[in-house]
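Next, two complexes with chain A in common: one pairs it with chain B, the other with chain C.
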Partner chain A sequence: MDPAGVFATSFARDQALIRTRQQWIAFTLFILALFVLPYVVGPRLVAISTAMMISAVVVIGLQINTGYAGQVNLGQAAFMGVGAYATGVLATKAGLPFWLSIPLGGGAAAVFGFVFGLSAVRIKGFYLALTTIAAQALFHFLILNLPSSWFGASNGLSLEPATFFGIALATDRSIYYLCLVVAIIMAFGAYGIVRSSHGRAFVAVRDDDVASGMMGINVVRTKATAFLIGAFYAGIGGGLWAYYVRFVAVDQFTLFHSIWFIAMIIVGGMGSVTGALIGVFIITAIREGFVTLGPSLVHQFPALGGDVVFATMNVFLGGIIAAFLIFEPRGLMHRWNIMKRSYRLWPFPY
Partner chain B sequence: MSAAAQADSSAFRDAVHARAPVLTAQGIRLAFGGVVALNDVSVTVGADELVAIIGPNGAGKTSLMNCLSGFYRPQKGEVRFNGNLISGKSVHDIARLGLARTFQGTHIFSGMTVIENIMVGRHIHMKSSIPAAFLHFGPARAEEFRHREVVEEIIELLEIQSIRHQPVGSLGYGLRKRVDLGRALAQEPKILLMDEPMAGMNTEEKEDLARFVLDVREARSIPVVLVEHDMGVVMDLADRIVVLDFGRKIAEGTPKQIQTDPVVLKAYLGEGDR
Partner chain C sequence: MIDFLNYLINGALVGLLYALVAMGFIVIYRASKVFNFAQGELVVFGGFIVWWMVLAMGMPLAVGLPLAFVAAAVFGLLIERIFFSRLVGESVFAMVMVTIGLLILIRGLVLVLFGAQVRPFPIIFPLKPVIFGDILIPRSLLFGAILTIIVGLGLSWFFNRTRPGLRMTAVAEDHQVAMSLGISVKRSIAFAWILGALLSTLGAIIYLSGKSLSFLASDIGLAALPVALLAGFESIAGVLLAGLIVGIIQGLVTAYVDPAVGGAVGTVFPFVIMLFILFVRPTGMFGWKTIERV
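Here is the complex of A and B:
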């Protein structure tokens, strides 16, 4: 790095995400660490990491839809569920391999999301949020009321492990690698999309739909596309989930889950793919931390009783999100950027 | 400039040299309920001409602007742009025909940097699909760089190099208006409509922007329609002036003619003062 900072001398350098050699080294080490992780940590941490990878895919989709295009979406878990069910059906009934059933599951979710995205054409804000909650309700209603031979109704759907060149991905470790690779591909793609003219159109529609119309952006189509992409990501995440748990049921994809996904992009920072990843990490880590801490607390203070401890945990977790909304509504990415700038300018204030 | 962009700009120069009027509005009537904002207004903008629309407050200048840019649909009359009927077309299709406008106040994408804002102006010229964008490396990236080059030229023209990576939300009013202009220029329009670009600016900012308008005309030789309050700016810049009052066109002519037109003096500048 030059003493006065990093200055790009080409467009390629200017728009690169990783700009210095130090960053390249850090990035490579990080990816390597992710790949050796299952051999270093215990099975519980591997399971949590797998869940993080799956959430990451879903939340990146939500970030594109809500963070970039500004379309509030409280139905991301339903879109994920559609992906999971579609993948499950395609794998069990049609016998498709996972590398076909997961993308097709994503496609099914994308179609479902696109239909609800069309409602974003006429309505905004709160009303759109309500419509996406309707997606959630509709998803549950359909699964539970359609004949059980279709989607298993309330019994759920069981899957065989995914096979890859004859190797069954049945262990937690192998599923972790599947999720890791898919998450890396999807994150890479998300960085590409948000830096393209499509990504700029999303932000333009979010910031000012009158001006974006004058710029030649088809506002209606852009909003629907944002839903389509967001739901596609959710569907891919759902497909991974189906192969990870190998059992799909409606209560895995509730409104509650959708709200968690929103919480992740709020904590990480709206309008940043990296923020989505950070949000997933922070929220999952805190949640799992509590889950681990809970029983030992009950053990230490039996007088409190399990009910009280677990209820308090949820209140505390909700409190963290509320605190973010009050003190850092733009998320950790925003705080990080501020810190980065003041570090560069130090010892001067500006 | 890349070959494709060069071909674009030469095609658009040919269009300029055709002498037919670029934008015509015939007998426009626009009413909001009982209020008649525009009544039987006709305006013609020829190739390479700067037409200013002036008038006292509430004369219907911005309404006319919104009709010309296809934002409002007049109840009577039609607007044609290079022969295409505009009234009734959707706004993004009109933009694709080559009509760009800047806004009164700021309608800028405050969450984006200056570069990104102007790159949005290139949207209509960018063709990469979503799968190509997903892959990023390859055609999408090449296209991005090609258009970035065009944007850098605009940034140089408008002298905003030093702020190119700043979020627009943090810029002052004068600079935002400059970004707004840059965004419109990035569309490579065949006509540029500017709605009160100088409103709320101090003298220095006005002079800067007036200079940029002249630079743009010189560099692009495209017709410009200017709605403006500031008389000094209008008299200096315009080739032709259209004067509105109470929704009617009361006069049209060169700045000299308008300055001495008794009807205009009476309606707008006050009687016998100049």
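Here is the complex of A and C:
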């Protein structure tokens, strides 16, 4: 709901994402802060932020697919991997510049995701989740067993840095800006998609596919589209990843990475692009916190050994998924909306 | 010819081992309508309990094994108490996602409690293989197969013929309908998880006997998925047949196609079968034909 005194006087205004002057100011400041960030913080935080941008792109795709269209997807990391490999091959073998290879990588991932999304023609619910797990297994198998001259098999694939008008994007700072710009474009694309007729069709199919079919929505096409879009986002994220790490290997895209992505949308809030961004930020921040605190933790409790970081991280991740599903299935975004609403209504209850 | 028979029989026995693990999926599904992605982790947990009881605590097998089963049952009950008793009536999505959370949680728990080292697993079945003529059969798999068939037929009888079993079947059909009929959904789910944990421990004993144990053993949970799917998620006796089919196909593919291709076709082939089933016949061979088609 809007604060008092804000009235939508036209359709465009009613549809606007940013509704008040304060929001405009906050948004501008936020974007500015993101752009000056690499000059303020140290290299480690820049690296973490870059990883967040990349995850954000992937998770927004998952949010559209799972959060909006309700199609459980446990293969988002595999889709990301397809994008990364496609980008890598196009960049190294065909010598394409990054502004061609990343979108094409996204396209390749979209095709791969679409094939598995097609199974939505016949099945739904966790049966669909099973096909995405199969996607994960098949992806690993194909990469590892195809001739190593194609995708590098178990050796992985190394990339040259991206070049932009002759400038090599080899430093952390330059790659951060690349990821930031792409993430902003993709996020706005996602806001656009979920406000469009496609987005409304996704929500309708998620809430009741029989009823939405009655209303004239092509249910199968909507589900397949959701997979297509989700996988495209994953592929773009994968392409960024390929240029960021400049090394693509199959163990960067496992089932566990998919579960991390799902944890992010559960924590952030299903069915909200902003929620996806919040989830990415919080989960990544906590994970990096564990990694940073790890050595001192091991120092404090030497009996636990060096694997304790990985182990506690797993316990934490599993616990947080279960806790959010049990206590707040709609995620932090829902909490935030409740808070915002009561703030705007204060001192009235409703 | 002898080679072929060897591959055939060993494939079939491995398939029955998959069937035992798949039975864990199905039992939990049959009694609570939850698809448990954490089955492989339950197997690992069961394995570690056995290791801890028998090797770390030094109990004799006759004491350690029953205690391990008790501990596994308590663990199953705990899972239900902590997670699933709060989720009765929630969407299937939430429940399935909780099992995915559990997958990671149990893995972390195993690492915290037992460490990441590779442990030796107690030798429960003698290592000497059974030999018929030229055919070598690992003893653990043979006994395991016999146990699997007994347990499978017993559970099938229980779920299809007895009153408590049918009550749970009603829960698998629909939580609300079951509640309105006066069936305790919570008790049914608790029983499902206890049974699932017990079966997983049994699976761990057969799978790991005399081998080494680490948290990577949970891969068997994923390997058993195609078996559960081929059988259909509701059929307990059917899973025996499905296990045989998948195991034999996998054994033969591993033996004859792998050398030709030079890769692990055998390990991924069950997933190809799984995709094929999902596309062609999502109810599996014996599942209830109630899957909502889109």
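By definition in this document, the second predicted complex is superposed on the first by the 333 of 350 C-alpha atoms of A that agree within 3 Å, B and C clash if a C-alpha of one lies under 4 Å from a C-alpha of the other, contacts with A are read in each partner's own complex, and residues count from 1 in each chain.
Following the convention adopted for this analysis, a residue touches a chain if its C-beta (ideal position, glycine included) is under 8 Å from a C-beta of that chain, and two chains touch if they have at least 3 such contacts.
Predicted model only: the values in this text are computed from it and were never measured.
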Fit or clash between chain C and chain B when superposed on chain A: fit
Chain B versus chain C as contact partner of A:Gln15, first or second or both or neither: first
Chain B versus chain C as contact partner of A:Leu96, first or second or both or neither: neither
Chain A: partner with more touched residues, chain B or chain C: C
Partner chain(s) touched by A:Val219 [first = chain B, second = chain C, both, neither]: both
Which superposed partner A:Ile193 touches (first chain B, second chain C, both, neither): first
First (chain B), second (chain C), both or neither touched by A:Val111: neither
Per-pair minimum CA distance [chain C against chain B, superposed on A] in Å: 12
Contact residues of chain A, present in both the chain B and the chain C interface: 219
Chain A contact footprint on chain C (complex, rising order): 35, 83, 86-87, 90, 92-94, 96-98, 100-109, 111-112, 115-116, 222, 225, 229, 261-265, 267-268, 271-272, 274-275, 278-279, 282, 291-294
Contact set on chain A toward chain C in their complex: 70, 72, 74, 119-127, 129-131, 133-134, 137-138, 141, 144-145, 209, 219-220, 223, 256, 259, 262-263, 266, 304-305, 307-308, 310-322, 325-326, 329
Residues on chain B engaged by chain A in the complex (per definition of touch): 69, 90-92, 95-96, 100-101, 103, 107-112, 116, 119-124, 126, 128, 130, 132-136, 140-141, 144-145, 148-149, 183, 187
Sites on chain A touched by chain B in the complex: 11-12, 15, 188-189, 191-193, 195-201, 203-204, 206-208, 210-219, 225, 229, 271
